[in-house]
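Pasting a structure below so you can have a look.
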Amino acid sequence: MLLVRSSDAKRLVLADRTGTLEAAARGDVAAGSCVRVAGRVEARGRLAITAVRDAAEDEYVLDDLLDGPRIPVERMEADLRELIATIQCDHLRALLDAVFGAGTETWELFREAPAAKRYHQAYRHGLLEHSLTVAQSVSAISATFGGVDRDVAVTGALLHDIGKLDAYTSDPLAIDMTDLGKLQGEIPLGYYRVRRLIEDLPGFPTDLAVAVLHIILSHHGQLEHGSPVVPCTREATLVHMIDNLGGKLGSFDRLEKELPDGSTWSGWDRVLGGGAWFGAAREAA
Amino acid sequence: MLLVRSSDAKRLVLADRTGTLEAAARGDVAAGSCVRVAGRVEARGRLAITAVRDAAEDEYVLDDLLDGPRIPVERMEADLRELIATIQCDHLRALLDAVFGAGTETWELFREAPAAKRYHQAYRHGLLEHSLTVAQSVSAISATFGGVDRDVAVTGALLHDIGKLDAYTSDPLAIDMTDLGKLQGEIPLGYYRVRRLIEDLPGFPTDLAVAVLHIILSHHGQLEHGSPVVPCTREATLVHMIDNLGGKLGSFDRLEKELPDGSTWSGWDRVLGGGAWFGAAREAA
Amino acid sequence: MLLVRSSDAKRLVLADRTGTLEAAARGDVAAGSCVRVAGRVEARGRLAITAVRDAAEDEYVLDDLLDGPRIPVERMEADLRELIATIQCDHLRALLDAVFGAGTETWELFREAPAAKRYHQAYRHGLLEHSLTVAQSVSAISATFGGVDRDVAVTGALLHDIGKLDAYTSDPLAIDMTDLGKLQGEIPLGYYRVRRLIEDLPGFPTDLAVAVLHIILSHHGQLEHGSPVVPCTREATLVHMIDNLGGKLGSFDRLEKELPDGSTWSGWDRVLGGGAWFGAAREAA
Amino acid sequence: MLLVRSSDAKRLVLADRTGTLEAAARGDVAAGSCVRVAGRVEARGRLAITAVRDAAEDEYVLDDLLDGPRIPVERMEADLRELIATIQCDHLRALLDAVFGAGTETWELFREAPAAKRYHQAYRHGLLEHSLTVAQSVSAISATFGGVDRDVAVTGALLHDIGKLDAYTSDPLAIDMTDLGKLQGEIPLGYYRVRRLIEDLPGFPTDLAVAVLHIILSHHGQLEHGSPVVPCTREATLVHMIDNLGGKLGSFDRLEKELPDGSTWSGWDRVLGGGAWFGAAREAA
Amino acid sequence: MLLVRSSDAKRLVLADRTGTLEAAARGDVAAGSCVRVAGRVEARGRLAITAVRDAAEDEYVLDDLLDGPRIPVERMEADLRELIATIQCDHLRALLDAVFGAGTETWELFREAPAAKRYHQAYRHGLLEHSLTVAQSVSAISATFGGVDRDVAVTGALLHDIGKLDAYTSDPLAIDMTDLGKLQGEIPLGYYRVRRLIEDLPGFPTDLAVAVLHIILSHHGQLEHGSPVVPCTREATLVHMIDNLGGKLGSFDRLEKELPDGSTWSGWDRVLGGGAWFGAAREAA
Amino acid sequence: MLLVRSSDAKRLVLADRTGTLEAAARGDVAAGSCVRVAGRVEARGRLAITAVRDAAEDEYVLDDLLDGPRIPVERMEADLRELIATIQCDHLRALLDAVFGAGTETWELFREAPAAKRYHQAYRHGLLEHSLTVAQSVSAISATFGGVDRDVAVTGALLHDIGKLDAYTSDPLAIDMTDLGKLQGEIPLGYYRVRRLIEDLPGFPTDLAVAVLHIILSHHGQLEHGSPVVPCTREATLVHMIDNLGGKLGSFDRLEKELPDGSTWSGWDRVLGGGAWFGAAREAA
C-alpha cells in the first residue's frame, strides 16, 4: 500500500512512512491517492510496476503512509508548553499564549501544519517539530555566547515561521503554497499576524515588539532569500542561523530516507548545494 | 547663504536650492545648519572657504536653501485629486480617500515627506512628487499595452511608497531612516498600514485587496532589492518598472544640479550603475 | 487543424492563433508542419492524441494557425507613420524615413519580422508591434518627467531592435537566430546598420548620431544582458526601461494564452522570474 | 594610556581593553606602540588629540590595553580539557591529545593565538575562546537534531581552525596573515597538519579520518568562502553553521565595544552585511 | 559495436572512438557494457534502435571503442621526458623524477588516468595529454612575457592536476569521482601529495616549495571554482590561464566529435558558456 | 624631476620611468605637469614633500619620466611586420596591411596609443606592445592544441583591441576614455572599424570576415565584461584567454614597479582579485 506523492509526465513517486520509491510515469494514477502496487525493485532502487489499483478506504490507515516527525506529537506539545513556561517576561509569555494557547485557533492550525512543501519536514506536525527544535537549540546555546536575551530569542524562534499558517495549505496529501503565500510571502504574512496580535495585548512594550517582529522579518537572513531586512540583533542572528541549520539537517533526514539500499551518496540537493554522504554514519551504526 | 548638507571627516557639502558645492572638511560647521560663507570656487567646482559663520535666523528663508520639486506643491495636490477622481472603482476610491483625504493624518505626513534619503527627490514634498509622477505615467500608458486594470495600477502607484512615512524622518534638514525603517523595512511597513486600513473598510473585496497589497510588496521587483515577492501581475510589473524609471530619471535631475560648470559627465552613480552624460542635452538647449 | 510548434523527445507543442496545447512526444510529426489531430483534453489541459495526420495545403489558412498581434498590421503601419510625423527634427525624420520609408528594403523586412524567438511577440509583425508600442509609451510619458528630448527618445525607441532584422530568420514557422545573430549579437548588428545609414545622410549632426546610437547600444540596460555600455542619458534610460516593460507585459500575454482553463497561475517564467497570476483579472472580467 | 591599533593616512585608531577611539591621522605615532594621549572627545565619539607621546615601558601593563576574551584563559583551558574528556572514541581522544595535550608544541601556540586579524576575537587567546565556544555549542545541540555523531562533531569543532596557527602571526600587537596564510590558505594548512598527525597515529580508522578532515576542509561552507568542498555530512554542516554563528556573534561583541556612547546603531559591518542595533539590549539592561 | 557511455531514465548514449550517438532510453542495457546494435540514424543524428544485444568479449577490442588522445601515449611519454630534461633547477627536476620517474607508483597511475569525468579529455591517458600540452604551452610563451620563472612554471604545469590521481577512479569504462575526491577535493589532495613528497626531498628550498605548492592550490583561479587561494605569482597566473584554455579547447574537441553531420553549431555547453561554431573551420578544411 | 600622475583631494601620485611614489595631497600641483620635488621617503615608501615647483621645459626629457614598454618601439614594429609576413591567407594579409601598413592613418595612431587608462601598459606604445605579445603567444601555442586556424587567430589577436584608437585619448600625459569610448564602448567601435574596412576589400570571403569580427566582439569573454557575445570558436577562445593573460601579467609588471623597497606583497589589485607576491622572484634574482 503506497501513497502517490507525485505523478507527472516524467515519473511517479510513491511513498509510505519509511521512505520513497520512484517508478516510470503512468497516466492512470493521481497524485494524493493511495494505491496497491505489485512489481519489483530494479537497479538503483527504481520500482518496475506490474500492476496497480486504487486502494479502498478500509485498506489503509493514512498515518502509516505519511512521513512524520521523529517524536510523537503529544510529546512535542508537552515539550513546547514546558519551554514556554521557562520564559521569564510576562509580556512575551502572554504573546506566546495568544498564539499557542490550547484551544486558540492558531494552535489548532499550528499543531497540524507542515513546515514546507518539499525540502524539510514536509509533513503533518512538521511546523511544530521544526519550530520546537529550533527554539530548543536556541535556548541551549543562548548562554554559551554572551549578550543574548534568551526570552526574546526563544520567543522569536517559536514564532519565526508562523506565516506558514497562511502561506501553505495544510492538507497532508497535497501540501502547496496558497495564493496568499505566493502573492504576499510567508514573512510579511507572519509579521502581520504577530503585529496585529500585539496591537491587542495591553501595555506590550514597543521595544519588545520591535525586537520580536525583527526576528520574524529577518529570519531568512538575506534579502535575496526573501527577508526584507537582514538580522541586526544577536537574537535575530541566532534564530536565523539555527533555523537555517535546522532546515539543512532536516534535508539530511529526508535524503537518508530516500537513499536506495547500498548507496552512500544522495544526489545533488538544492538545500545543501551538494550531495549528502552517509558512508561514515552507516559504518558507525 | 548656504545649507550644510553634510559635514564629515572627508568633506563639507553645501547647498542651496540651485545646486551643491563641495569644500574641504572643517570641524566648526554642523550638518543641518545654515551658514554664511566667503571663498572662491576652484578647479572642478570645489569651494575654497576663506571665512564661514552661522547664519542668524532672520538672515534666510529655509525654502530658498532647500532643494525641492519642479512643480509647486499646491499644483501637485490638485493634480493628485484630479487623478484620484478618475478612478472608477468605489472601493479603491474609498481606500485612496482614507489615505490622501484632506485632513487625514496620513495626508498631512505624505504631503511633506521626502522620497528618499539621498538618491532621488530627497527633499520636502519629494514623496508626493515621486508618487504622483509614477501614477500619472502608469495612467498614461495603461492603455498602450493590453490587459492592464488601470484602476488597480494607478491605486498601487499612488500607494506603493506609503511605508516611507514610517521608514524616514521627515525633518527636511536631516532626512534619515528611522529605527523602524531599518528594523522592519519600508515595504512591510507600507503593507501593514494599507492592509490595516482595508480591514476597516466595509465590504472591500478580497481579490482587490490582494491585488493592491501585491503591488506594494513587490514594487522593488526582486528579492535582493527588498521585495519579499516578485511582481506576478501586469499591474505590479507596471508599477515596479515605472517606479524604477522614476528613480533613475530623478537621479539624472540630481546629478545635473550637482554638475560643475563645463562638465558633461557626472561621476559614477550607484543608481545608474555608471556616469550620466549631459553633453547632447546641453548643446540642444 | 493545428500547427506543430515544437516536437522533441519530451513533448509535442501544438498551437493555433488562440492558444497552445501540449501532448506526449511522438516520432511522426515534424515541427513547423500543420496537422489534423483527433483526441481529448485531459487533466491540466494536456492533449491525449488518438489520431494525427498531416493536413493538406488546401485544408487551412496559415494566418488562422499562427499567433499574431492584437492590432491589424495596416492599423499599426498607419500608427507608425503618424508617430514619425510628430518628430520635429528634420535629421531624425530623414533617418526614420531611410529605415521605415514605404518601399525601402528595411521596411519590407521590418513589417514582417518577429520580435523574438520565444519570449514575447514571437510571431509575424511582432517586431513592428513591439517597437511601436514602446515608442508610443515613450512618447506618452516623455513630458511627465523633466528633461527628456522627446524626438531622440522616440527615434531611439523605434530603432532600438533594428538589429533583429539580421539576427533572426523571418520564417514565421521557424523563427530562429541566424549565424550572424549568434556570432555578432543583435545589438552590434543594429548599431552597424544605423551608423552606416547615418554615414550616408548629409549633414547629420555628430551629437545627434551619438545620442541615437547610444540608445541602441545600451538598450539592454546592463552588460550582462548584452549591452556593451549602460544607459548614460535620460533618453537611453527611458527606452531601456519601457522596452523591458514591453517585454514583460508581452510575456503576460503569451502566458495567458497558454494558460489551461481553470488555472490562475502560469508556471515559472524566465522573463518574469516567477509565475504570473491571472486570478484577479479573470474575476474582474 | 592607549595602544595604537592602526595608524594610516586616513585616521588613527586607539584602544584599551574597554573599547576603541578614532582620531585624526598623524605622522608621529606608529601602529603597535603604546602612547600617552591628552585631548577631548568630540561629537560622534571622535578624539581630538592635543598632545601625544610614547609611553615608557614601566608606565603600562600590556594586558590592560589589549582586548581579550570574556572568560579567563585558565578557566577556558579547564573547560577544554573537560570537554575533551567527554569524547567516547579512543582514536579521536588520541588525536585531540596530540594537538591539545599539555606540553605539546601545538597547544603552546593554540593557547596564545588570535582567532582573526580583525573581525572577531582578534586578540590573544581568541582562537581558544572561539574554538571552545563553537565546540560547546555543537555539543549542546548535537542531541536536539537526530543522527549527529557527537564525537566526530565536537572533535571537528575543536580542530576546524587549527590552520590559523600557520596562517596568522601570533604577536598580539600586530596580528597579520603570514606568507603561508596568503599563499596556501588556512584551510589547506589545517588539513595538512591534521592529516599528517593522523598518519602517525597507529590504527586510526580511515573513515574516521575522512569524517574529521572533511569538517576542516568544508567549514567555510561554500567554495567562494575558501572551502574547496561543501559540507556533505551532518557533522560538517553543524560545525560550519555554528562556526559562522560564533563569528557573527563575535562581531556583535566587537561592535558593541566600539559603539560611541549614546549610539544604538553601529556602522555597516562586512560580517553582518548591515548595521548592528543595540537599542533594545541597552534599555533592557 | 558500441560502448554504452550512459544509460538512464532519459536516454542512452552510445559511443566508439570516432564519436557518440544518442538513442531513446531502454531498460536492458547497462552503462559501461559493449553492445551490438541494429537500427537507423534519424533526424538530428538520433539513433532509432531496432535490436540490441551484449557483445561477446572476443567481438571487440576495447581501445577501438574508447575515445583517446590525438597523439600516441609513447610519443607523449617521450615528449614529457624531453620537457623535464630542460628544467635547469636540480631540486625541481628531483621533484619531477619523484612523481614521473619511470617505475614510480605515481607514474604508473598518471600515465593511465583520465583528465576529467566528462568535460575534456575524459579518457585513458587524458591526464597525461592535458598536463603535457599545458606545460608545453607554458614553456612556449614563458619568454614572451617578462619576469616568468620558466622552471617553476613548467614544474607547476606538470603537477597542477596531480590530485586527480586520488580524486578520480581510473577505470576507463566508468570514470567517476572517488569518495576522497568528493569529500576532500582534488586540489587539497594534490597539495598534500606534493608537499608530502617535498618533505622527503633533502634540502628542498622553502621558497621553491611555496612557489610550486601555490601553483597547485591556486590553479582553478578563483575561490568559487574550488581554489582556496587565488594566483598571486606570475607563474601561478600563467598555469591557471593555460590550464583553463586547455580545458576549453578540449571541450571544442569533444563537441566536434559529438556534432551530428550537417550541423555547424553544438548545443549550449557548460564549459564554454555558450555553443561552439564549426562553420568556418569546416569550410576551410 | 617627476611627472604628476594624479592629484586629487586624497593624494598625489608622482612618477618617473622607474616607478611611482605617493605623497600627501596638495592644492598647488596639477595632474599631467612635471615638477621638481624636494623631500624624503618615509615609512611604506611614502614621500614627505618639503618643496615643490613646476619644472621648466628645458629641464627634462618627457620620455625619461614616462613609463614605457620593455622593448624599443622600432624593434616591436619590426617584430610586427615579421609576424604579419607569416600569415598565409592573402585576404587576411590585405586586411592587416589596411590597418598596419606603414603610412596608413591607422598605423600612425596605433603605434602611439596606450593599451589602457590604468591597469596594464597604460603608456605610449602600450597598445602595440600588448597586441604584439598577445599575437606572438597565440602564434606560439596555436600548434600545441589541435584544430586552431593560426592565420585567423593571429589576425584576430593583432586587431582585437583596435577600438581603443577611438575609445582612448592618446595624450601620454592624460590617458582617458573619450566620449565615444564611454557612450559606444571599445568593442563596438573596433567592430565597426574593421567591418567597414572589410566592406571595401574586394572579394573578402564572408566566413573569414565573420570569423575575424567574432574574435573582436567576443574577446572580453563574457557579457558582463562588455562582450556582446561569448567566444564560440577555438580562435576566439584562444585570443580571449591570451589577452586576459597578457593583461594580468602586465598588472604584475605595474605592481612590481610600484612596490616599495623591502616589500614582497603588493596591495589588493582589481585585475588580479588579490595581492601579488614578489617574494620568490626577488630571492631568485
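Letters A, B, C, D, E and F mark the chains in the order given here, with residues in each chain numbered from 1 onward.
Here, a residue touches a chain if its C-beta (ideal position, glycine included) is under 8 Å from a C-beta of that chain, and two chains touch if they have at least 3 such contacts.
What you see is a predicted model, and the numbers here were worked out from it, not measured in a lab.
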> Shared touching chains for subunit A and subunit D?
Replying inline: B, E
> Based on the averaged CA atom positions, which chain is farthest from subunit C?
Replying inline: D
> Among the chains, which is located farthest from subunit F on the basis of C-alpha centroids?
Replying inline: A
> Per the centroid of Cα atoms for each chain, what is the distance between subunit C and subunit F, given in Å?
Replying inline: 41
> So, what's the distance in Å between the C-alpha centres of subunit F and subunit B?
Replying inline: 43
>> Two or more other chains touching the same residue: where does that happen in subunit A?
In response: 179, 182-183, 210, 214, 222, 229, 232, 275, 277, 279
> For each chain, which other chains does it touch, given as pairs?
Replying inline: A-B, A-C, A-D, A-E, B-C, B-D, B-F, C-E, C-F, D-E, D-F, E-F
>> Please output the residues of subunit D touching subunit E within their complex, sorted ascending.
In response: 179-180, 182-185, 187-188, 191-192, 195-196, 210, 213-214, 217, 222-229, 232
>> Per the contact definition, I'd like the list of subunit E residues that touch subunit A in the complex.
In response: 9, 27, 30, 179, 182-183
>> So in the complex, the part of subunit E that touches subunit C is made up of which residues?
In response: 11, 24, 42-43, 46, 48, 264-265, 275, 277, 279
>> With touch defined as at the start, can you tell me which subunit F residues reach subunit E in the complex?
In response: 70, 133, 136-137, 140-141, 144-149, 152, 207-208, 210-211, 214, 222, 229-234, 237-238, 241-242, 244-246, 248-249, 252-253, 256, 272-277, 279-281, 283-284
